[in-house]
Structure formats: C-alpha cells, structure tokens
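Consider the two complexes below, in which subunit A is the common component and subunit B and subunit C are the respective partners.
Presenting the complex of A and B:
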C-alpha cells in the first residue's frame, strides 16, 4: 500500500471522471493511489454512493483519501459514502472544494510528494484563490 | 551547514512552464529540504517552487529566463537538479 494520500475523482460523467484520472496518471505518475467513478447505477449521468465507496476503497491509503467532485449530487453522495465508511477510516477522507480536473492534478502532485491529507486538500483548494 | 545557491536557465520547452513541466518541477523541488524559489525576473517576484498552484500559475513562457534560488542544507544540489531538469526539457533523468 502506498504511503501517499490517495485521490478519488467523482463526476456525473464516467468519461469526465476517467479523463481526469488519466490526466493525473500521465502528469503526476504512478506514486499516488487513484480511483474514479461516475455515472448513475442504471446508466446515464449521475453518481452512486456504492461506486464512490468502492473507489475510496481501491484508492485507500493509511495517509487518507482526497475526493474531487463535480456538481451537487457528486458532493452529497460523497458525503454519504464517507459517513458509511468504517469508524477508523471516516476521519481520513476529505472532499476538496476545488474544480474537479485542475483540483485532481494539483492534489495528485501534492500527494506524490508525500504530503499530509490536510496539505493535499489545501493545495487543491488554493486554486480558488489563485 | 546551511547553503544558499542561485542560478539561471532558459525555458526551452515548447509550451513553457505549463501543466506537465510545472508538475515535474514541483515534484523535484519537493524532494529537497531547502527552501526553493523561482522567478522570471532577477528582482522577483519569487514564488515557492514547491507550490504546484503557484508554479503553474506563473505561466512562464518558452524563451523566458528562469531564475532559481535556494536556501538550506541541500541548496546547491537543489538548484543544480532543477536547472538540469529544465535543460533536459523536463524529460526524466537518464
């Protein structure tokens, strides 16, 4: 398991989520646990709590996981997914208030250097002020 | 022993210090303990080379002079490594 913070990308569109994840992989490299999910369970645009939970699981790191979301439901479903995590994991997952693509690359870059979860979140959110 | 080091290099990369080069520079900078700053003018403003948001936000174009300075125990190695990264056009070290 990587010691670096993991990144999860949640979009209403599986294409957007996968594309953002591809950018992180190609720009940042392989040192960061990374997972994405997108699309409604029955197909079409949407997000699913179950898919988010499984993405968190596959990007899991003991250093924590930073989630990047796109619109409304992606955030509320991510919050719900975090609430449903086991007690010992819940406090190590944060949702970044940042644009999904740019935020994922910034957070991934920060994570690849071994930074803490809080530092990773701050770097993604620094975008809003930049 | 704390050192200070400074150097200047020309950005030859086709798109300048944009997304991918910025990520590489930041990742390399973060591998050193020294405080590392870059600037496009010798009188600044100097920005933190370990901040991906600031480095990417600098939008340093192709042909620009990049000034690199560092302070700390590994400052000389840090500046040397960053200059080398820019000189090899941000490709991985061989």
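Presenting the complex of A and C:
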C-alpha cells in the first residue's frame, strides 16, 4: 500500500471521471492510489454510493483519501458513502471543495509529494481562492 | 401497524412515484438536470422489488431498509435525501404508534434531511412541503387538511427562488416553476394519507 494520500474522482459522467483520472495518472504515475467512478446505479448519468465506497476502498491509503466531486448529487452521495465506511476509516476521507478536473490534478500532485491529507485538500481548494 | 398495512403503504408509495416519473422529469427539466423522475423511479423500483422482505420487518426496521435501498439505488442527491428521511424516521419510530409519537419521529426525520441537504425551508426544496406538514400535524390537522397543506405547500414553491440543489444554478430563472422534490414529497404524503385512511387509521 502506498504511503501517499489516495485520490478518488466522482463524476455524474463515467467519461469525465475516467478522463480526469487519466490526467492525474499522467502527472503522478503510480505514486498515488487513484480510483474513479461515475454513472448512476444501472447506468445513465448520476453517481452511486456503492461505487463511491468501492472506489474509496480501491484507492485506500492509511494516509487517507481525498475525493473530488463534480455536482450536488456527487457530493451528497460521497458524504453518504463516507458515513457508511467503517469507523476507523471514516475520519480519514475528505471531500475537496474544488473543481473536479483541476482539483484532482492539484490534489494528485500534492499527494505524490507525500503531503498529509489536510495539505492535499487545502491545495485542491486553493483553486477556489485563485 | 400490522404488516398488511405496511405492505400496502410501501406498494402504493412506490407505484405512485413510479407512475409520476414523467411529470417529475418534466418539472426537473424546467429547473434542474431532468433526472428526478428517473432517479426516483429507479430507487422506488428497488424498494418495490424487496417489498416482501421489507414488509415482514417491524415498521422501524422496514423504514430503515427502504431508506437504505433508496440511498444505494437512486443515483442522485434525492437518494441520500429521501433515504435519510426514511432511515431517520425508522430510527425515531415510537414503540407504540400514536399521533404524538409519529409527529416526533417525523420531526426527527426532517432534521436529518436538513442536515443531509444543508438546507432550510424557503430554499425551494422538499423541506418546503415537509415542514408545513409537520406544523399541521402538531396543530392536530385531520387528513383532509393535511392533503390541502401538502398540495398548497408544493404549489408555494413555484414563486420561490432556488437556493439549494441544481435549480440554484438558475438563480432568478428558477422562479415560476414548482420544485420537483417538493412535488414528489407531496405525492408521497398524499399516498400515505390515502392508504392510512383506507386502512381506517387516518
């Protein structure tokens, strides 16, 4: 397991989520645990709590996981997914209040430097202030 | 509440939501992303598919099971929102079902929805139907009055400007359309009242 913070990308569109993940991967190679999910349960645009939980699991790092989301339902479903995690994981997952593509690339780059979860989140969120 | 009433409640609520897929979609196309009808249909179909299992549970557990199915299957924000509502209602369900006990559980469920959606009444959401219903329940309203309150409250979201949800992206342009979540909450409330009245428990 990587010591670096993991990144999860959640979009209503699987194409957007995968595309953003490709961009992160190009920046950071295999140094950062990375997973994406998109699409409603059974298909169509939307997000799935189950898929988000499984993405968190596959990008899991003991340093924590930072989630990037696109729009409202992706955020609400991610919050729900975090609440449903086991107690020892719940506090190590955060949602970054940042644009999904830029935020994922910034968070991934920061994570690849070995930064803490809080630092990764702040770096992604600085995009909002810029 | 015996299991036949519980089963009737689940079946009728699910069938009503599913039957209104197109109407909810049309409302959501006007001010949102047009997925409310389909998302609610997917979620309530998942509940309906499990009705035998759910209706066999004690009411509190049945509500939690139905809520969890909505959380997992809806695919949009309405999943966690409606799911949280039913799960919280189940958690607060009174040991003995009285009007006062139900009202308390309903209030707890509304608080959970507010927290989940980071929302308050007046933001053009389903809370604009749920909160007036709670007030009417507390005032001792009968079923006829509760129906009127639900319908009037959903209608009252038309002139509101959306503050939460996808409709808030439209700002002023969200004015003049009924909130789809308020409409679905109104539909669910009417169906529950109809079934309970039919079961002589109104």
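Here, the second predicted complex is superposed on the first by the 130 of 130 C-alpha atoms of A that agree within 3 Å, B and C clash if a C-alpha of one lies under 4 Å from a C-alpha of the other, contacts with A are read in each partner's own complex, and residues count from 1 in each chain.
The criterion applied here is as follows: contacts are C-beta pairs under 8 Å (C-beta built on N, C-alpha and C of every residue); 3 or more make two chains touch, one makes a residue touch a chain.
For clarity, every value in this text was computed on a predicted model and none was experimentally measured.
Asks: Label the relationship between subunit B and subunit C on subunit A in the superposed model as either fit or clash.
Replies: fit
Asks: Please work out whether A:4 is in contact with subunit B alone, subunit C alone, both, or neither, and reply first, second, both or neither.
Replies: Once the two structures are laid over each other on A, A:4 reaches no partner at all.
Asks: In degrees, to the nearest 10, note the angle that opens at the C-alpha centre of subunit A toward the centres of subunit B and subunit C.
Replies: 150
Asks: Looking at the overlay, does A:126 come into contact with subunit B only (first), subunit C only (second), both, or neither?
Replies: first
Asks: Using the superposition on chain A described above, determine whether A:106 touches subunit B (first), subunit C (second), both, or neither.
Replies: After superposing on A, A:106 lies in contact with subunit B but is clear of subunit C.
Asks: Touch test for A:61: subunit B only (first), subunit C only (second), both, or neither?
Replies: Neither partner.
Asks: Touch check for A:73: first (subunit B), second (subunit C), both, or neither?
Replies: So A:73 only meets subunit C here.
Asks: Touching A:47, do we find subunit B (first), subunit C (second), both, or neither?
Replies: In the superposition, A:47 touches subunit C alone.
Asks: So, A:27: does it touch subunit B (first), subunit C (second), both, or neither?
Replies: first
Asks: Which value in Å is the smallest Cα separation between subunit B and subunit C when the structures are fitted on chain A?
Replies: In this superposition, no C-alpha atom of subunit B lies closer than 26 Å to one of subunit C.
Asks: Where on subunit A do the contacts with subunit B and the contacts with subunit C coincide?
Replies: Correct list for subunit A: none, the interfaces share no residue.
Asks: Please give the residue numbers of subunit B that touch subunit A in the complex, ascending.
Replies: Going through subunit B, the ones touching subunit A are 19-20, 23, 26-27, 30-31, 50-54, 56-57.
Asks: In the complex formed with subunit A, which residues of subunit C make contact?
Replies: On the subunit C side, the touching residues are 33, 35, 38-39, 42, 71-81, 83-84, 116-117, 165-166.
Asks: Provide the residue numbers of subunit A that touch subunit C in the complex, in ascending order.
Replies: Spelled out, the residues of subunit A in touch with subunit C are 39-42, 44-50, 71-73, 75-77, 79-80.
Asks: Touching residues of subunit A toward subunit B in the complex: what are they?
Replies: Those in contact with subunit B are residues 26-29, 105-106, 109-110, 112-115, 123, 126-127, 130.
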